[in-house]
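Here subunit A shows up in two complexes: once beside subunit B, once beside subunit C.
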Partner chain A sequence: MSLDQAEPAAASAAAPGVPGVRKPGGGAAAGRRRRDRRSGRWWTPWLFLAPALILFLYFKFIPMANALTMSFQDVQPYLGNRWVGTDNYATVLGSTGFREATWHTVVLAAGQTAGSMALGLALALLMEGQSRRLGFVRSAAFLPVVVPIAVVAELWRVMYHPTGDGMLNSLLGLVGWGPSGFINDPDTSMASIMLTGIWRGAPYDMMIFLAGLTSVDRGLYEAAKVDGASRWQRVWHVTVPGLRSVFSILFILAAIRGLRVFTEVFLLTNGGPDGSTEVVMTLIYKLGLEQNRLGVGAAGAVLLFVATLILTVVVQLLRRRESK
Partner chain B sequence: MQRSRWVGAGVLASALVLTSCSSGPAGVDAKQNKKATLELWTRTTPGGPGEQGAVKLAAAFQKATGYKVKVTAIFDDFETKLQQRAAQKKLPDIVMNDVTQLGAMHSQGLLREIDLDKVEDSDQITAQGLDSGKSVDGKQYGLPYSAQASALLIRKDWRQKLKLDVPETWDDFAAMAKAFTTRDPDGDGKKDTAGLAAPLSTKRGYASWYFSSFLWAAGGDFITEAGKGTYKPAMTSKASAEAVQWFRDLGCKDKAVQPGAVTMDTPPTNETFESGKTGMFVVGPYLLPRFDETLGKDKYEVVPMPKGPKDSTVLAEGGSVYLMAGSDNRAGQDAFASFAVSAEGQKTGMEGDTAYTVQLPVNKSVDISQVRPDPRWKTYAQAYQDSGRYAPSIPNWTPVRQATADTLNALMADCGLDTGTKLRELDKQLASILEEQGISAS
Partner chain C sequence: MSAHTETALGLTESRGAGGRILKAVVYLLVLIVFAGPLLALLVSAFGHVKDPTQLSVVPSGLTLDNFRIAFDQGVLAYLLNSFLVVGFGLLLQVTVSVLAGYALARKKFPGMALVLVAILATLMLPEEILALPLSLILSDLPVVHLNLVGTLAGMIVPLGAWGFSILVMTEFMKDVPRELEEAARIDGAGDLRIFAQIILPMCKPALGVIGVFGFTMIWDQYLLPLLVSTDSSSYTLPLALRTLRIDPAVTPGVVMAASLLALLPSVIVFLFFQRSFVSGLSSGALKG
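Then we have the complex of A and B:
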């Protein structure tokens, strides 16, 4: 700050012949010089960005461009890749179950997004505040996010044991239900995976909601209370509108996460039983990596990328229109 | 502002340019050098007993022939790493990997043909073993050095408690599976056991892999050869359909397959057997050391698979030696292939309690009981020699295995599905897979 303020003074001192520097409509050359002085050379920001950009270039952009080229090729590293036009895309789009997998992905993404956000908001409202004990509870609630997904999957597999003596099934048995097949039954497998995803995703959403809640004006709560609003009305008419931007950010994050869902499905069911949980990523993995057809896998990945991109852009546009 | 946008575009453009100049034409003949160290890749856990076994074999080879070998063990993403080396046009000289990888590696041009005249004991290799190394055009591209076959593991104490005989037929097998499920063989008063342990997940096509022995013993087939290296789908044939129905009844009617089987690959399935939740398991010999330790040698027995409707064919698998293209020491490659299947090489490969590379010998002149006195190994060796059958070496076996695994998994998971409809769908799918690989009969 102090440098910025000092600079114009120094400039006018160094150039006594141009006294009108600070006046509006002064010489254009002088104006640019001043801006250059202030912000440095045009490449200075790029220089600072360079380390990150080089890393991104080599570990993100080049592989991405590579995947794009591969998606139009029959990939044979030793014999040399062969251009096949849009054949790979035709294979992916025409493969059995791609449409089903897309539908499953959308259902799973929607369910997990909605579930995690609802549960996350509920948790956040419960754990809002300054008390020291709350900090401990919050950390405990956040644990599912920190635990590696492979461990989570194994844990839930044990809990989902399909016989009466399984952990969740014995709970269901207490109220006279079950035993359910959970991930082993085509009818319940999708819901089971969704539940695991919500359990894992909700605490993450909770943290972001908690951050958002601090920005909601306390005065509004008090005003609402004075006006005789019930607790529920306060949440609905004060908290939720106040968290609108948080909702849209969470929605984008969760939707992207939902579309790319892979690990929990791969570890819990690998798309089975009877293809009832096949999602786009597990299909790409099967086509591309297990069958060693990298071109086909790349085509699937590009399609998924395009879908994610469209989703993000649409949400951004909606947000912008709304804020206008 | 304008300028910075251009810079961004430039960075992106250069990224695209950089990536587009990645691959050139295929590798040419390398200049030969008999002194060059042979680079050997083997698909086994680095630092594990498998690697020690490979190192031991390499040392014996070096001593016998004078060629130098450097062993590299890779387990995770073996194929991906091989692809990376292929992209660099610098393949290892020798690869020891699963027999089913032949089609994939051959169609990628990674292999060179093996001249059987340069393999001394080639006439001693089992016929089905030798065939497993042939590509669809009938040329030899792989040489098996180790074989595996499946046999039936039974909880001996359970069988004796229920006073049952070792199963001789499929009916006996089903009856025993049912008895283990319903008659409380572990005597804890709870119905918490199942007859058969079966990994029926779709992962890596486990369901299809496990079912192979049953399908073939019934006279069925996934795809059958229709002459001149062409194939046609065969899952709707009478024998295949009956095998599927029989296996399905085990799970759906008798409830004799462990609960949750449809989402289990091998590790959790192994656990059900060693923790006393299941009483029968059809597996290869590689699990014996593990079960001896966790379950106890006296608790279970190894018997040949009972005879199915047709015969007692079992799935044979194993590892092959592949000679990679573009090597600068082809003489050394040939010598290694020859040594690996020779009587001496096979015996060296079998030695040791855990650090062995050869499970069952492929060389007929080698008697397994000379190296391993444990009679259970003899059971396996016999099963392999008499009834072992490999998956066909089509260009890419994985899609066939995956498609059949998906269908089997569906049929076992949802007992309400119609077997015939599902199998007809599967055959259609198999037909298009064969078509795509250019080996369809129609």
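Then we have the complex of A and C:
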């Protein structure tokens, strides 16, 4: 998704497999040896794999390798690339623009992750249950996730209209606040993008939390009740520990989603006003496309990838240690 | 109350009028916050909205003018582009994935672990990061030297490399019983027939999952189409929204009408295949 950009791909990045889907009956080991003898020529599997391998080579592995080499080069289309060692990395790491963009990206990612998870958990707890009416409310709340990100951005642009009679400003006016400049004011632009991101991220997290809630042992609720635990004690001591793996998965997904953020920023503010919302991806886009500094852009992209990788590995290691 | 309806907050237990009202208020609030903006979009698309301040959930008359103007601006052509990309892209993605899944799930061969690891690794690779080098590759494909920049094919072909779908298919195909395959082999069936007539028909639930996810993913794409399209003739509808908005002659009502057309297909797919969608979403995320 990137139902992502709600992330179907990322969703499984953490874990391939579809245990929730009904599967045909269990495999059988019987006759396996005979099958191996008769399973045809050695190149049969490669024939089935060929389309995938060619496409992955062209559109994943070669671009990745190119990004790496470009990051060490001064890229000059038609003139030939010049090897410049780690100059691009020095440029990137030394520039205030990139440092600021990194800071903005981290702030945005952290805010959206925390906000979406907190709100998503609250929604999941409030809307856990099996009634038909609840199912309807849940589906409606989930809609923002399936709406294309470009539509989300255009819609919120209009809602954020900075005058007093803009949609959100007139709501603020009802309680005596505003008008806010929202995305047009450097002081509120980042928070506004974050809010839009949470609006789209929270229902996604809600769905995952709801799935996690079904696997929490019902017997423990009964036991807690018998022991006289209050509602909140029950949530805190039974539900939250039961959702631990869900928390870490959602954290990885949301953090990666946050680090690579592009479209909503590009469409809502394109980094402005005054660079107050410039994030790494919009900067890379500008470096690469508008200024044609592909080498520097590639160095930035590689750094972003390394950050994503480190984050994922660290969280996985922490989880593994915890489960031991 | 039976055990399986027990919930964390125990809200279903609240019997009193107070509890019921509280619940209703909470649900209403959730609907307003998450569906309200989309309702405003819907209402504005059919209303006389000339100004961004007129966006509202309260209808301001009923008109199809916005759609008429949007069509004059070429929105139908953009919509057609979007459908072509999602149609051919999904076809390619699903075909590639079921073929690869068959090899990875039903065969044992040297190098298999390496292939699996390579495909898994691409899942860690955010598309956005690859976008720039990918668009350079598309301007001059190695060996065949084709330039796909500015064409819909440039947006379609890279969609074939989608690790998520391959892994879903592989996991699922592993569980198809061996006996069925054995019996067919004794009858003299080759791999292609076993794949098409035995394995594939048993994988309908998995096909549903990768189909629905693939559709939403492709429909939501932005950066790659942005880099591949050189002019508006190859714009998909999501890309065109920005051009429409920038045009001073186009009112927000028209942008909302075009937005409605851009969101309907993925919302319809979600509502129809909600079960596949949710099961894929949650199980994919939770297994790790």
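Basically, the second predicted complex is superposed on the first by the 267 of 324 C-alpha atoms of A that agree within 3 Å, B and C clash if a C-alpha of one lies under 4 Å from a C-alpha of the other, contacts with A are read in each partner's own complex, and residues count from 1 in each chain.
Going forward, a residue touches a chain if its C-beta (ideal position, glycine included) is under 8 Å from a C-beta of that chain, and two chains touch if they have at least 3 such contacts.
The shown structure was predicted, so the numbers you read here are calculated from the model rather than taken from an experiment.
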Which superposed partner A:Asp274 touches (first subunit B, second subunit C, both, neither): first
First (subunit B), second (subunit C), both or neither touched by A:Trp42: both
Contacts of A:Ile183 with subunit B and subunit C, given as first, second, both or neither: first
Contacts of A:Leu126 with subunit B and subunit C, given as first, second, both or neither: second
Contacts of A:Ser230 with subunit B and subunit C, given as first, second, both or neither: neither
Which superposed partner A:Leu155 touches (first subunit B, second subunit C, both, neither): second
Touch count on subunit A, higher of subunit B and subunit C: C
Which of subunit B and subunit C A:Phe262 touches, first, second, both or neither: second
Which of subunit B and subunit C A:Thr86 touches, first, second, both or neither: neither
Subunit B and subunit C contact sites that coincide on subunit A, given as residue numbers: 42, 45-46, 53, 61-62, 66, 157, 161, 163, 165, 266, 289, 294
Partner subunit B, residues of subunit A touching it in the complex: 42-43, 45-46, 53, 57, 61-62, 65-66, 69, 76-81, 96, 157, 161-163, 165, 183-186, 266, 268-275, 286, 289-292, 294
Subunit B residues within the subunit A interface of the complex: 3-4, 7, 11-12, 15-16, 18-20, 22-27, 79-80, 83-84, 86-87, 89, 91, 104, 108-110, 190, 192, 201-204, 259-263, 265, 268, 325, 396, 398-399, 402, 406, 409-410, 412-414, 417, 429
Residues on subunit C engaged by subunit A in the complex (per definition of touch): 3-12, 26-27, 30-31, 33-35, 37-38, 40-41, 44, 52-53, 55-56, 95-97, 99-100, 102-104, 107-109, 112, 115, 118-120, 122-130, 132-134, 136-137, 141-142, 157-158, 160-164, 166-168, 170-172, 174-179, 181-182, 185, 190-191, 195, 202, 205-206, 209, 213, 216-217, 219-223, 227, 238-239, 241-242, 245, 252, 255-256, 259, 262-263, 266-267, 269-271, 274, 276-288
